[in-house]
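Two complexes are shown next, each including chain A; its partner changes from chain B in the first to chain C in the second.
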Partner chain A sequence: MSIFEYNGSALVAMVGKNCFAIASDRRLGVQLQTIATDFQRIFKIHDRLFLGLSGLATDAQTLYQRLVFRHKLYQLREERDIKPETFANLVSALLYEKRFGPYFCQPVIAGLGVEDKPFICTMDSIGAKELAKDFVVAGTASESLYGACESMFKENMEPEELFETVSQALLSSVDRDCLSGWGGHVYVVTPTEVKERILKGRMD
Partner chain B sequence: MECVFGLVGNGFAIVAADTSAVHSILVHKSNEDKIMVLDSHKLIAASGESGDRVQFTEYIQKNVALYQFRNGIPLTTAAAANFTRGELATALRKNPYFVNILLAGYDKETGPSLYYIDYIATLHKVDKGAFGYGSYFSLSMMDRHYHSGMTVEEAIDLVDKCIMEIRSRLVVAPPNFVIKIVDKDGAREYAWRESVKDAAVASA
Partner chain C sequence: MGDSQYSFSLTTFSPSGKLVQIEHALTAVGSGQTSLGIKAANGVVIATEKKLPSILVDETSVQKIQCLTPNIGVVYSGMGPDFRVLVRKSRKQAEQYHRLYKEPIPVTQLVRETAAVMQEFTQSGGVRPFGVSLLVAGYDDNGPQLYQVDPSGSYFSWKASAMGKNVSNAKTFLEKRFEGQISGKNIEIGIIGTDKKFRVLTPAEIDDYLAEVE
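== the complex of A and B ==
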């Protein structure tokens, strides 16, 4: 079994009209055994920037701690929050630093940039950025997620419709993947508020 | 194979571990205490490579004590768990410790808590957790019978059910177990469950 599939994960981020949604599954497993059904994969960097980390859970936790540290330093020096594009570059640089002994994580970054324009991107475990205008996916269920998102995505969705689309795409994809699932965690972020919702799907 | 499991009840946390020290086919002793008292209100139940287990848990114990000497107040359970995870994570890519840990503690402000820390430094706060081959049986028993806010009697009953299941269904089941509890009155040994007693050492 690949090291990326050791804990199991599913992550998706989608762009809407002046908003974005980022969603993950909730399972923490050790190969075939499920350890917890409330594992947090999406982290808030600041009010308008969220980071999802799929892959090996220990590296996701280490990487998150390093990134929060770097962002706090950035806030002290720049006296403002980091822009999503800049943060993506930071993550990419941190990952490439470990080119020959990498973190086994695939991050998904979603944020609201200047003039509330939504920004999403993903990268591989050594920091190769992949910008997208519509959606990005990561994790063991990524192949199913690509298919589900491609068929369900529409441009310029309002936050409520975006939430429905992201939730359906996530749940239908993790149902075909034994290593991810046990519910979902969806954040829908608009310029004025962040709505966090827990999904109840097939609890297996 | 080493069995460690634990759960959180109403104002207390309980951990149980098998007590056999095994090398290949030989059982060196069957009264090896694998649950270390970290400080007055914390227990660390460890399983894995025996040298690493003793060395690493003693290292954590001494550092937790050092913090208390330096700062005059003890670490919270969450802080101790994060410190332990940090040490495992730092060593992971150099000289990893093959130790799985269940850290149980009681804090005055937040009550009892249980942390699952596996050998690759994955940290998660759980209500019930287990390691080893015994986990396949104890986790299932706990999934069936556990509910939040159990009394000590109910929890000990559940622990005994798990031990019974391990003894009857695991092929190389360890014969003896030790149970320790931590609550507002501190961390202490609760009971032993022995089915094989070591012969008394002849006096000189």
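== the complex of A and C ==
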């Protein structure tokens, strides 16, 4: 079994009209055994920037701690929040530093940039960025997620419709993957508020 | 005076609390060619005297004003070779920032890092301070900015400034002719309460408190 499939994960981020949604599953497993059903994979960097980390859970937690550290110093030095595109470059550089002994994580970055324009991107475990205008996916359920998102995605969705779409895509995809699931965790972010919701799906 | 006995070592304070080597470095700057800078509402201008030792010198080969990044330039007063070293280091720092963030470095960050280099050379063994003061002019997301960096590593933001020879005359001229308001609070107040969050009061808040006191 690949190291990326050790813990199991599913992550998706989608762009809407002046908003974005980022969602993950909630299962933490050790191969076939489920250890936790409330594991957090999506982290807030600041009010308009969220980071999801799929892959090996320990690396996800450590990488998150390192990035929060870097961002706090950035905030103190530059007296402002980091832009999503800049943060993506920072993550990419950090991952490539460990090119020959990498973090076994695939990050998904979603944020609101200048003039509230939504920004999403993902990258592989050594920092190769993949920008997208519609959606990005990561984790053991990524193949199902690609299919579900491709068919359900529409441009310029309002926050409520975006939430429905992301939730349906996530739940239907993790149902086809034994290593991810046990509910969903969805954040819908607009310029004025962040709505966090828990989904109840097939609890297996 | 006890000071002169302490002027040999950079890393030793004199009894009067000064680092005499840095004072000497400032003197070296003060006898360098005049340079000055002015910040306008929509840009910054820096200029320097380019007096060459003889008419035989090829003046096109001498460049006293240099670019650190496409949107930040610098001029100096003092020792030319020291300036070249600082320009080289600053350019490298700006590029490293860009490599990490793919964003052009903000002027304040570059000034801070250059000043940190200059400060290192006032607290290490076997080195001497840089014999230059820099005027850094840049335009970034925070608008036009003008900074002066001294051999000690301290830096100041200016609306208009001059360095080198005849600096007092130049500054008097700028103060008289400059159209901005040269007023400012010369006190800073920071506060931490039961919320356990440290913050610095804004000048407006300080004004309010001062008005109450009066």
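Odds and ends about this structure:
To be clear about the criterion, the second predicted complex is superposed on the first by the 204 of 204 C-alpha atoms of A that agree within 3 Å, B and C clash if a C-alpha of one lies under 4 Å from a C-alpha of the other, contacts with A are read in each partner's own complex, and residues count from 1 in each chain.
Just so it is clear, a contact is a pair of C-beta atoms (placed from the backbone, for glycine too) under 8 Å apart; a residue touches a chain by one contact, two chains touch by 3 or more.
Values in this document were obtained by computation on a predicted structure and should not be read as measured data.
Contact with chain B, but none with chain C, is seen for A:Q61 once the two complexes are overlaid on the shared chain.
Judged by the touch definition given at the top, the superposed model places A:V166 against neither chain B nor chain C.
Once chain A of one complex is fitted onto chain A of the other, the partner contacts of A:V15 are absent, as it touches neither chain B nor chain C.
With both structures placed on the common chain, the touch criterion links A:L145 to neither chain B nor chain C. Contact with chain C, but none with chain B, is seen for A:T86 once the two complexes are overlaid on the shared chain. Of the two partners chain B and chain C, more residues of chain A are touched by B.
For chain A in complex with chain C, the touching residues are 77-78, 83, 85-86, 89-90, 93. Across the interface of their complex, chain A is touched by residues 85, 89, 92-93, 116, 118, 120-124, 126, 129, 135-136, 139 of chain B. Interface residues of chain A facing chain B in the complex, by the touch rule stated above, are 7, 28, 30, 33, 35-36, 39, 56-58, 61-62, 101.
Against chain A, the residues of chain C that register as touching in their complex are 99-103, 106, 108-109, 112.
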